[in-house]
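Structure incoming, see below.
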Amino acid sequence: MIIRITDQPIDVQELIAEVSNESNGGIVAFLGVVRRWNDSPNGSPREVYWLEYEAYREAAEEIMREIAQQIEEKWAITSIAIAHRIGHLEIGEAAVGIAVGAPHRVEAFDACEYAIDTLKATAPIWKKEAWERDHQTGQSWVENKAPL
Amino acid sequence: MIIRITDQPIDVQELIAEVSNESNGGIVAFLGVVRRWNDSPNGSPREVYWLEYEAYREAAEEIMREIAQQIEEKWAITSIAIAHRIGHLEIGEAAVGIAVGAPHRVEAFDACEYAIDTLKATAPIWKKEAWERDHQTGQSWVENKAPL
Amino acid sequence: MKVKLRFFASWREIVGEEEIEWSLGDSQNVEGLVTELIAKYPRLIGTALNSLVMVNRRYTDRQATLRSGDEVAFIPPVGGG
Amino acid sequence: MKVKLRFFASWREIVGEEEIEWSLGDSQNVEGLVTELIAKYPRLIGTALNSLVMVNRRYTDRQATLRSGDEVAFIPPVGGG
(Lines give C-alpha, C1' and ligand atoms only; values in the text may rest on other atoms or scores of the structure.)
Protein backbone atom coordinates (compact mmCIF):
# COMPACT_ATOMS: atom_id res chain seq x y z
CA MET A 1 0.00 0.00 0.00
CA ILE A 2 1.28 3.44 -0.94
CA ILE A 3 0.14 6.36 1.24
CA ARG A 4 2.22 9.39 0.41
CA ILE A 5 2.42 13.16 0.57
CA THR A 6 5.23 14.18 -1.74
CA ASP A 7 6.78 17.18 -3.44
CA GLN A 8 7.71 15.01 -6.42
CA PRO A 9 5.63 14.44 -9.59
CA ILE A 10 3.07 11.68 -9.28
CA ASP A 11 3.95 8.49 -11.12
CA VAL A 12 0.67 6.81 -12.02
CA GLN A 13 2.52 3.80 -13.39
CA GLU A 14 4.04 3.20 -9.97
CA LEU A 15 0.62 3.48 -8.28
CA ILE A 16 -0.89 1.00 -10.74
CA ALA A 17 2.00 -1.43 -10.28
CA GLU A 18 1.46 -1.24 -6.53
CA VAL A 19 -2.15 -2.47 -6.79
CA SER A 20 -1.50 -5.13 -9.43
CA ASN A 21 -1.41 -8.75 -8.40
CA GLU A 22 -2.64 -12.13 -9.57
CA SER A 23 -6.03 -11.74 -7.91
CA ASN A 24 -6.97 -8.34 -9.26
CA GLY A 25 -8.83 -8.35 -12.56
CA GLY A 26 -9.84 -4.70 -12.44
CA ILE A 27 -7.65 -1.69 -11.80
CA VAL A 28 -9.02 1.84 -11.66
CA ALA A 29 -6.76 4.87 -11.44
CA PHE A 30 -7.69 8.49 -10.86
CA LEU A 31 -5.60 11.58 -11.50
CA GLY A 32 -6.63 15.04 -10.35
CA VAL A 33 -4.92 17.52 -12.63
CA VAL A 34 -4.46 21.29 -12.50
CA ARG A 35 -6.54 22.81 -15.28
CA ARG A 36 -6.25 26.21 -16.86
CA TRP A 37 -9.81 27.34 -16.22
CA ASN A 38 -11.38 27.12 -12.83
CA ASP A 39 -14.60 28.50 -11.42
CA SER A 40 -14.21 31.64 -9.35
CA PRO A 41 -16.32 32.04 -6.20
CA ASN A 42 -19.06 33.80 -8.19
CA GLY A 43 -19.18 30.93 -10.67
CA SER A 44 -17.56 32.48 -13.73
CA PRO A 45 -14.31 30.86 -14.85
CA ARG A 46 -10.95 32.49 -14.34
CA GLU A 47 -7.57 31.62 -15.77
CA VAL A 48 -5.18 29.79 -13.48
CA TYR A 49 -1.42 30.36 -13.62
CA TRP A 50 -0.25 27.92 -11.00
CA LEU A 51 -1.27 26.31 -7.74
CA GLU A 52 0.60 26.00 -4.51
CA TYR A 53 -0.40 23.04 -2.35
CA GLU A 54 0.35 22.68 1.32
CA ALA A 55 -0.54 19.89 3.72
CA TYR A 56 -0.65 19.07 7.39
CA ARG A 57 1.45 16.17 6.31
CA GLU A 58 1.26 13.74 9.24
CA ALA A 59 -2.48 14.26 9.68
CA ALA A 60 -3.18 14.03 5.94
CA GLU A 61 -1.31 10.76 5.71
CA GLU A 62 -3.25 9.48 8.69
CA ILE A 63 -6.53 10.43 7.00
CA MET A 64 -5.38 8.68 3.83
CA ARG A 65 -4.61 5.56 5.84
CA GLU A 66 -8.08 5.74 7.37
CA ILE A 67 -9.59 5.98 3.89
CA ALA A 68 -7.69 2.84 2.91
CA GLN A 69 -9.01 1.12 6.03
CA GLN A 70 -12.60 2.16 5.27
CA ILE A 71 -12.20 0.76 1.76
CA GLU A 72 -10.98 -2.51 3.17
CA GLU A 73 -14.01 -2.67 5.48
CA LYS A 74 -16.53 -1.71 2.80
CA TRP A 75 -15.23 -3.71 -0.16
CA ALA A 76 -12.58 -6.07 1.26
CA ILE A 77 -10.08 -4.30 -1.00
CA THR A 78 -6.49 -4.03 0.21
CA SER A 79 -4.84 -2.99 -3.05
CA ILE A 80 -4.81 0.77 -2.83
CA ALA A 81 -2.29 3.50 -3.51
CA ILE A 82 -2.82 7.19 -2.75
CA ALA A 83 -0.29 9.92 -3.46
CA HIS A 84 -0.84 13.65 -3.04
CA ARG A 85 1.60 16.22 -4.23
CA ILE A 86 2.45 19.45 -2.41
CA GLY A 87 4.36 22.54 -3.45
CA HIS A 88 4.22 24.45 -6.71
CA LEU A 89 2.16 22.91 -9.53
CA GLU A 90 1.75 24.07 -13.09
CA ILE A 91 -1.18 23.55 -15.44
CA GLY A 92 -1.43 19.91 -16.49
CA GLU A 93 0.39 18.50 -13.49
CA ALA A 94 -1.32 15.94 -11.28
CA ALA A 95 -2.03 16.99 -7.70
CA VAL A 96 -3.37 13.62 -6.62
CA GLY A 97 -3.17 10.07 -7.90
CA ILE A 98 -5.14 7.09 -6.64
CA ALA A 99 -5.09 3.49 -7.85
CA VAL A 100 -7.32 0.67 -6.66
CA GLY A 101 -7.12 -2.98 -7.67
CA ALA A 102 -9.90 -5.48 -7.05
CA PRO A 103 -10.95 -8.89 -8.32
CA HIS A 104 -13.87 -7.28 -10.15
CA ARG A 105 -14.16 -3.86 -11.71
CA VAL A 106 -17.36 -2.60 -10.07
CA GLU A 107 -15.72 -2.53 -6.64
CA ALA A 108 -12.57 -0.94 -8.03
CA PHE A 109 -14.57 1.94 -9.54
CA ASP A 110 -16.65 2.43 -6.40
CA ALA A 111 -13.67 2.32 -4.06
CA CYS A 112 -11.54 4.66 -6.17
CA GLU A 113 -14.34 7.23 -6.37
CA TYR A 114 -14.96 6.89 -2.64
CA ALA A 115 -11.27 7.47 -1.99
CA ILE A 116 -11.03 10.72 -3.93
CA ASP A 117 -14.38 12.03 -2.65
CA THR A 118 -13.38 11.36 0.95
CA LEU A 119 -9.86 12.69 0.50
CA LYS A 120 -11.13 15.94 -0.98
CA ALA A 121 -13.66 16.38 1.81
CA THR A 122 -11.48 15.52 4.78
CA ALA A 123 -7.71 15.54 4.16
CA PRO A 124 -6.01 18.62 5.65
CA ILE A 125 -4.56 19.86 2.36
CA TRP A 126 -4.91 23.34 0.93
CA LYS A 127 -4.28 25.00 -2.39
CA LYS A 128 -3.59 28.58 -3.28
CA GLU A 129 -4.52 29.56 -6.78
CA ALA A 130 -2.82 32.31 -8.77
CA TRP A 131 -5.42 33.59 -11.22
CA GLU A 132 -6.39 36.31 -13.64
CA ARG A 133 -9.84 37.51 -14.71
CA ASP A 134 -10.85 40.69 -16.55
CA HIS A 135 -7.28 42.02 -16.27
CA GLN A 136 -7.34 41.50 -12.51
CA THR A 137 -4.93 39.10 -10.89
CA GLY A 138 -4.95 37.56 -7.47
CA GLN A 139 -3.97 34.68 -5.27
CA SER A 140 -6.69 32.89 -3.32
CA TRP A 141 -7.08 29.87 -1.11
CA VAL A 142 -9.54 27.66 -2.94
CA GLU A 143 -11.81 25.38 -1.00
CA ASN A 144 -13.40 22.23 -2.34
CA LYS A 145 -17.09 22.37 -3.05
CA ALA A 146 -19.16 20.42 -0.59
CA PRO A 147 -20.41 17.14 -2.04
CA LEU A 148 -23.94 17.44 -3.44
CA MET B 1 -8.81 9.86 -29.56
CA ILE B 2 -7.27 6.41 -29.46
CA ILE B 3 -9.44 3.51 -30.62
CA ARG B 4 -7.29 0.46 -31.10
CA ILE B 5 -7.25 -3.30 -31.32
CA THR B 6 -3.64 -4.37 -30.95
CA ASP B 7 -1.44 -7.39 -30.39
CA GLN B 8 1.00 -5.24 -28.41
CA PRO B 9 1.03 -4.66 -24.62
CA ILE B 10 -1.26 -1.88 -23.46
CA ASP B 11 0.52 1.30 -22.44
CA VAL B 12 -1.69 3.02 -19.86
CA GLN B 13 0.63 6.00 -19.75
CA GLU B 14 0.00 6.59 -23.44
CA LEU B 15 -3.78 6.35 -22.96
CA ILE B 16 -3.66 8.84 -20.09
CA ALA B 17 -1.47 11.24 -22.07
CA GLU B 18 -3.99 11.08 -24.92
CA VAL B 19 -6.85 12.32 -22.70
CA SER B 20 -4.82 14.96 -20.87
CA ASN B 21 -5.29 18.59 -21.79
CA GLU B 22 -5.65 21.98 -20.14
CA SER B 23 -9.41 21.64 -19.66
CA ASN B 24 -9.45 18.24 -18.01
CA GLY B 25 -9.19 18.25 -14.22
CA GLY B 26 -10.14 14.60 -13.75
CA ILE B 27 -8.69 11.58 -15.48
CA VAL B 28 -9.93 8.06 -14.84
CA ALA B 29 -8.21 5.02 -16.26
CA PHE B 30 -9.33 1.41 -16.21
CA LEU B 31 -7.27 -1.70 -16.83
CA GLY B 32 -8.80 -5.14 -17.23
CA VAL B 33 -6.13 -7.65 -16.26
CA VAL B 34 -5.85 -11.43 -16.60
CA ARG B 35 -6.07 -12.95 -13.14
CA ARG B 36 -5.00 -16.34 -11.99
CA TRP B 37 -8.30 -17.45 -10.55
CA ASN B 38 -11.49 -17.19 -12.51
CA ASP B 39 -14.97 -18.54 -11.91
CA SER B 40 -15.81 -21.69 -13.81
CA PRO B 41 -19.32 -22.03 -15.29
CA ASN B 42 -20.51 -23.80 -12.11
CA GLY B 43 -19.20 -20.92 -10.00
CA SER B 44 -16.18 -22.51 -8.34
CA PRO B 45 -12.86 -20.93 -9.19
CA ARG B 46 -10.34 -22.57 -11.47
CA GLU B 47 -6.73 -21.74 -12.15
CA VAL B 48 -6.01 -19.93 -15.39
CA TYR B 49 -2.79 -20.54 -17.34
CA TRP B 50 -3.25 -18.10 -20.16
CA LEU B 51 -5.88 -16.46 -22.33
CA GLU B 52 -6.07 -16.16 -26.06
CA TYR B 53 -8.09 -13.17 -27.32
CA GLU B 54 -9.48 -12.81 -30.80
CA ALA B 55 -11.53 -10.00 -32.31
CA TYR B 56 -13.62 -9.16 -35.33
CA ARG B 57 -11.26 -6.30 -35.57
CA GLU B 58 -13.00 -3.84 -37.91
CA ALA B 59 -16.37 -4.31 -36.22
CA ALA B 60 -14.89 -4.10 -32.72
CA GLU B 61 -13.16 -0.83 -33.54
CA GLU B 62 -16.42 0.48 -34.97
CA ILE B 63 -18.24 -0.46 -31.75
CA MET B 64 -15.50 1.26 -29.75
CA ARG B 65 -15.94 4.39 -31.86
CA GLU B 66 -19.68 4.23 -31.21
CA ILE B 67 -19.02 3.99 -27.47
CA ALA B 68 -16.87 7.12 -27.71
CA GLN B 69 -19.67 8.85 -29.59
CA GLN B 70 -22.26 7.86 -26.98
CA ILE B 71 -19.99 9.23 -24.28
CA GLU B 72 -19.71 12.49 -26.14
CA GLU B 73 -23.51 12.69 -26.39
CA LYS B 74 -24.16 11.73 -22.75
CA TRP B 75 -21.40 13.71 -21.01
CA ALA B 76 -19.96 16.05 -23.66
CA ILE B 77 -16.65 14.26 -23.17
CA THR B 78 -14.32 13.95 -26.15
CA SER B 79 -11.14 12.89 -24.34
CA ILE B 80 -11.27 9.13 -24.53
CA ALA B 81 -8.83 6.37 -25.34
CA ILE B 82 -9.72 2.70 -25.67
CA ALA B 83 -7.25 -0.06 -26.47
CA HIS B 84 -7.97 -3.78 -26.50
CA ARG B 85 -5.32 -6.39 -26.88
CA ILE B 86 -5.64 -9.62 -28.85
CA GLY B 87 -3.51 -12.73 -29.04
CA HIS B 88 -1.86 -14.64 -26.24
CA LEU B 89 -1.99 -13.09 -22.75
CA GLU B 90 -0.37 -14.27 -19.55
CA ILE B 91 -1.50 -13.72 -15.96
CA GLY B 92 -1.11 -10.09 -14.96
CA GLU B 93 -1.22 -8.68 -18.48
CA ALA B 94 -3.86 -6.10 -19.37
CA ALA B 95 -6.44 -7.13 -21.96
CA VAL B 96 -8.12 -3.76 -22.12
CA GLY B 97 -7.20 -0.20 -21.18
CA ILE B 98 -9.51 2.80 -21.15
CA ALA B 99 -8.77 6.38 -20.18
CA VAL B 100 -11.25 9.24 -19.95
CA GLY B 101 -10.51 12.88 -19.24
CA ALA B 102 -13.16 15.42 -18.23
CA PRO B 103 -13.31 18.83 -16.60
CA HIS B 104 -14.74 17.23 -13.44
CA ARG B 105 -14.15 13.82 -11.98
CA VAL B 106 -17.73 12.58 -11.58
CA GLU B 107 -18.26 12.52 -15.33
CA ALA B 108 -14.87 10.89 -15.90
CA PHE B 109 -15.74 8.03 -13.53
CA ASP B 110 -19.21 7.56 -15.01
CA ALA B 111 -18.01 7.66 -18.61
CA CYS B 112 -15.09 5.29 -17.99
CA GLU B 113 -17.34 2.75 -16.30
CA TYR B 114 -19.92 3.11 -19.06
CA ALA B 115 -17.20 2.49 -21.65
CA ILE B 116 -15.94 -0.77 -20.15
CA ASP B 117 -19.47 -2.05 -19.37
CA THR B 118 -20.62 -1.37 -22.93
CA LEU B 119 -17.45 -2.72 -24.49
CA LYS B 120 -17.72 -5.97 -22.54
CA ALA B 121 -21.38 -6.39 -23.47
CA THR B 122 -21.19 -5.53 -27.16
CA ALA B 123 -17.70 -5.58 -28.72
CA PRO B 124 -17.13 -8.66 -30.90
CA ILE B 125 -14.12 -9.93 -28.98
CA TRP B 126 -13.66 -13.41 -27.57
CA LYS B 127 -11.32 -15.10 -25.14
CA LYS B 128 -10.28 -18.70 -24.79
CA GLU B 129 -9.13 -19.67 -21.34
CA ALA B 130 -6.64 -22.44 -20.62
CA TRP B 131 -7.48 -23.70 -17.13
CA GLU B 132 -6.97 -26.42 -14.56
CA ARG B 133 -9.27 -27.59 -11.79
CA ASP B 134 -9.13 -30.75 -9.67
CA HIS B 135 -6.31 -32.12 -11.85
CA GLN B 136 -8.43 -31.59 -14.96
CA THR B 137 -7.29 -29.21 -17.67
CA GLY B 138 -9.18 -27.67 -20.52
CA GLN B 139 -9.56 -24.79 -22.89
CA SER B 140 -12.88 -22.98 -23.03
CA TRP B 141 -14.39 -19.93 -24.65
CA VAL B 142 -15.42 -17.72 -21.78
CA GLU B 143 -18.37 -15.42 -22.15
CA ASN B 144 -18.93 -12.26 -20.16
CA LYS B 145 -21.61 -12.39 -17.54
CA ALA B 146 -24.69 -10.40 -18.44
CA PRO B 147 -24.88 -7.12 -16.54
CA LEU B 148 -27.05 -7.39 -13.44
CA MET C 1 -25.84 -14.47 -55.03
CA LYS C 2 -22.61 -14.49 -53.08
CA VAL C 3 -21.91 -13.21 -49.60
CA LYS C 4 -18.75 -13.12 -47.52
CA LEU C 5 -18.89 -15.04 -44.23
CA ARG C 6 -16.64 -14.31 -41.23
CA PHE C 7 -16.21 -16.86 -38.46
CA PHE C 8 -14.80 -16.27 -34.99
CA ALA C 9 -14.20 -18.26 -31.82
CA SER C 10 -16.43 -21.37 -31.68
CA TRP C 11 -17.75 -20.78 -35.21
CA ARG C 12 -14.25 -20.59 -36.61
CA GLU C 13 -13.26 -23.78 -34.83
CA ILE C 14 -16.28 -25.71 -36.12
CA VAL C 15 -16.15 -24.43 -39.69
CA GLY C 16 -12.37 -24.55 -39.79
CA GLU C 17 -12.11 -21.26 -41.68
CA GLU C 18 -11.94 -17.59 -40.75
CA GLU C 19 -13.57 -16.35 -43.90
CA ILE C 20 -15.33 -17.90 -46.89
CA GLU C 21 -17.34 -16.89 -49.93
CA TRP C 22 -20.81 -18.44 -49.79
CA SER C 23 -23.29 -18.85 -52.61
CA LEU C 24 -26.75 -18.48 -51.13
CA GLY C 25 -29.26 -21.17 -52.09
CA ASP C 26 -32.87 -20.05 -51.98
CA SER C 27 -32.27 -18.06 -48.81
CA GLN C 28 -32.84 -14.35 -48.93
CA ASN C 29 -32.19 -13.51 -45.32
CA VAL C 30 -29.93 -14.25 -42.36
CA GLU C 31 -32.21 -16.94 -40.96
CA GLY C 32 -32.08 -18.89 -44.24
CA LEU C 33 -28.31 -18.56 -44.42
CA VAL C 34 -27.92 -19.92 -40.90
CA THR C 35 -30.11 -22.90 -41.84
CA GLU C 36 -27.93 -23.58 -44.89
CA LEU C 37 -24.78 -23.42 -42.75
CA ILE C 38 -26.17 -25.80 -40.15
CA ALA C 39 -27.04 -28.25 -42.91
CA LYS C 40 -23.39 -28.26 -43.96
CA TYR C 41 -21.91 -28.00 -40.43
CA PRO C 42 -24.34 -29.74 -38.04
CA ARG C 43 -22.12 -29.00 -35.03
CA LEU C 44 -23.05 -25.33 -35.41
CA ILE C 45 -26.56 -25.97 -34.03
CA GLY C 46 -25.75 -25.24 -30.41
CA THR C 47 -23.61 -22.20 -30.93
CA ALA C 48 -25.90 -20.82 -33.65
CA LEU C 49 -28.76 -20.64 -31.17
CA ASN C 50 -26.66 -18.48 -28.86
CA SER C 51 -25.11 -16.21 -31.44
CA LEU C 52 -25.89 -12.80 -32.82
CA VAL C 53 -25.30 -11.79 -36.40
CA MET C 54 -23.65 -8.76 -37.93
CA VAL C 55 -24.21 -7.73 -41.52
CA ASN C 56 -21.61 -5.29 -42.77
CA ARG C 57 -20.33 -4.86 -39.20
CA ARG C 58 -23.66 -3.94 -37.64
CA TYR C 59 -25.76 -6.10 -35.37
CA THR C 60 -28.90 -7.11 -37.19
CA ASP C 61 -31.84 -9.44 -36.67
CA ARG C 62 -32.27 -12.72 -38.45
CA GLN C 63 -35.01 -11.49 -40.75
CA ALA C 64 -32.61 -9.02 -42.36
CA THR C 65 -32.50 -9.40 -46.13
CA LEU C 66 -29.11 -10.16 -47.64
CA ARG C 67 -27.62 -8.49 -50.69
CA SER C 68 -24.84 -9.65 -52.93
CA GLY C 69 -21.46 -8.79 -51.48
CA ASP C 70 -22.68 -8.45 -47.90
CA GLU C 71 -20.25 -9.39 -45.14
CA VAL C 72 -22.04 -11.63 -42.65
CA ALA C 73 -20.36 -12.37 -39.33
CA PHE C 74 -21.53 -14.71 -36.60
CA ILE C 75 -21.04 -13.46 -33.08
CA PRO C 76 -21.06 -16.07 -30.31
CA PRO C 77 -21.32 -14.71 -26.75
CA VAL C 78 -18.58 -12.12 -26.40
CA GLY C 79 -15.81 -12.19 -23.81
CA GLY C 80 -13.85 -9.00 -24.34
CA GLY C 81 -12.36 -6.91 -21.57
CA MET D 1 0.13 24.57 30.52
CA LYS D 2 1.72 24.55 27.11
CA VAL D 3 0.38 23.23 23.84
CA LYS D 4 1.87 23.12 20.36
CA LEU D 5 -0.05 25.02 17.69
CA ARG D 6 0.16 24.26 13.97
CA PHE D 7 -1.00 26.81 11.40
CA PHE D 8 -1.75 26.23 7.74
CA ALA D 9 -2.97 28.20 4.73
CA SER D 10 -4.88 31.33 5.82
CA TRP D 11 -4.04 30.75 9.51
CA ARG D 12 -0.36 30.51 8.73
CA GLU D 13 -0.48 33.70 6.68
CA ILE D 14 -2.27 35.64 9.43
CA VAL D 15 -0.19 34.37 12.33
CA GLY D 16 3.02 34.45 10.33
CA GLU D 17 4.24 31.17 11.78
CA GLU D 18 3.85 27.50 10.94
CA GLU D 19 4.22 26.27 14.47
CA ILE D 20 4.41 27.84 17.93
CA GLU D 21 4.41 26.86 21.57
CA TRP D 22 1.43 28.45 23.36
CA SER D 23 0.95 28.91 27.07
CA LEU D 24 -2.74 28.57 27.77
CA GLY D 25 -4.30 31.28 29.95
CA ASP D 26 -7.38 30.21 31.87
CA SER D 27 -8.66 28.22 28.93
CA GLN D 28 -9.12 24.52 29.36
CA ASN D 29 -10.56 23.65 25.98
CA VAL D 30 -10.30 24.36 22.26
CA GLU D 31 -12.94 27.09 22.33
CA GLY D 32 -11.02 29.02 24.96
CA LEU D 33 -7.78 28.64 23.04
CA VAL D 34 -9.40 30.00 19.87
CA THR D 35 -10.65 33.01 21.85
CA GLU D 36 -7.16 33.66 23.20
CA LEU D 37 -5.72 33.46 19.67
CA ILE D 38 -8.29 35.86 18.25
CA ALA D 39 -7.47 38.32 21.04
CA LYS D 40 -3.87 38.29 19.88
CA TYR D 41 -4.57 38.03 16.12
CA PRO D 42 -7.91 39.78 15.46
CA ARG D 43 -7.71 39.01 11.71
CA LEU D 44 -8.32 35.34 12.57
CA ILE D 45 -11.99 36.01 13.36
CA GLY D 46 -13.35 35.27 9.90
CA THR D 47 -11.28 32.22 9.16
CA ALA D 48 -11.69 30.88 12.72
CA LEU D 49 -15.46 30.70 12.23
CA ASN D 50 -15.01 28.52 9.14
CA SER D 51 -12.30 26.24 10.45
CA LEU D 52 -12.22 22.83 12.04
CA VAL D 53 -9.77 21.82 14.72
CA MET D 54 -7.56 18.76 15.10
CA VAL D 55 -6.06 17.76 18.41
CA ASN D 56 -3.22 15.30 18.04
CA ARG D 57 -4.12 14.83 14.37
CA ARG D 58 -7.77 13.96 14.89
CA TYR D 59 -10.76 16.14 14.15
CA THR D 60 -12.37 17.18 17.39
CA ASP D 61 -15.09 19.55 18.60
CA ARG D 62 -14.43 22.85 20.29
CA GLN D 63 -15.44 21.65 23.73
CA ALA D 64 -12.59 19.15 23.77
CA THR D 65 -10.40 19.54 26.85
CA LEU D 66 -6.73 20.28 26.22
CA ARG D 67 -3.83 18.58 27.93
CA SER D 68 -0.28 19.72 28.27
CA GLY D 69 1.74 18.83 25.20
CA ASP D 70 -1.25 18.47 22.89
CA GLU D 71 -0.73 19.38 19.24
CA VAL D 72 -3.58 21.63 18.14
CA ALA D 73 -4.02 22.35 14.45
CA PHE D 74 -6.49 24.71 12.79
CA ILE D 75 -8.03 23.44 9.59
CA PRO D 76 -9.53 26.06 7.29
CA PRO D 77 -11.74 24.70 4.48
CA VAL D 78 -9.67 22.09 2.67
CA GLY D 79 -8.80 22.14 -1.00
CA GLY D 80 -6.90 18.93 -1.64
CA GLY D 81 -7.19 16.82 -4.77
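Which chain is which? They are A, B, C and D, in the order written, and residues in each are numbered from 1.
Just so we're on the same page, a residue touches a chain if its C-beta (ideal position, glycine included) is under 8 Å from a C-beta of that chain, and two chains touch if they have at least 3 such contacts.
None of these values were measured; they are calculated from a predicted model.
*Asks:* What are the chains that subunit B and subunit C both touch?
*Replies:* Chains that touch both subunit B and subunit C, as defined above, do not exist here.
*Asks:* Which chain's centre, taken as the mean of its Cα atoms, is farthest from the centre of subunit B?
*Replies:* Farthest by centroid: D.
*Asks:* From the C-alpha centre of subunit B to that of subunit D, how far is it in Å?
*Replies:* 49
*Asks:* Just how far, in Å, is the C-alpha centre of subunit D from the one of subunit A?
*Replies:* 26
*Asks:* Identify all positions of subunit A at which a residue touches two or more other chains, and write them in rising order.
*Replies:* If we look for residues of subunit A contacting two or more partner chains, we find 32, 116.
*Asks:* Classify the inter-chain contact topology: is it line, ring, star, complete, or other?
*Replies:* Per interface graph, the chains form a line.
*Asks:* What chain pairs are in touch here?
*Replies:* A-B, A-D, B-C
*Asks:* What residues of subunit B sit close enough to touch subunit C in their complex?
*Replies:* Of all residues in subunit B, those touching subunit C are 32, 53-56, 58-60, 62, 84, 95-96, 116, 119-128, 141-144.
*Asks:* So in the complex, the part of subunit D that touches subunit A is made up of which residues?
*Replies:* Touch list, subunit D to subunit A: 6, 8-10, 12, 54, 57, 59, 73, 75-81.
*Asks:* Where on subunit B does subunit A make contact in their complex?
*Replies:* Residues 12-13, 16, 20-38, 91-92, 103, 105, 108-109, 112-113, 116 of subunit B touch subunit A in their complex.
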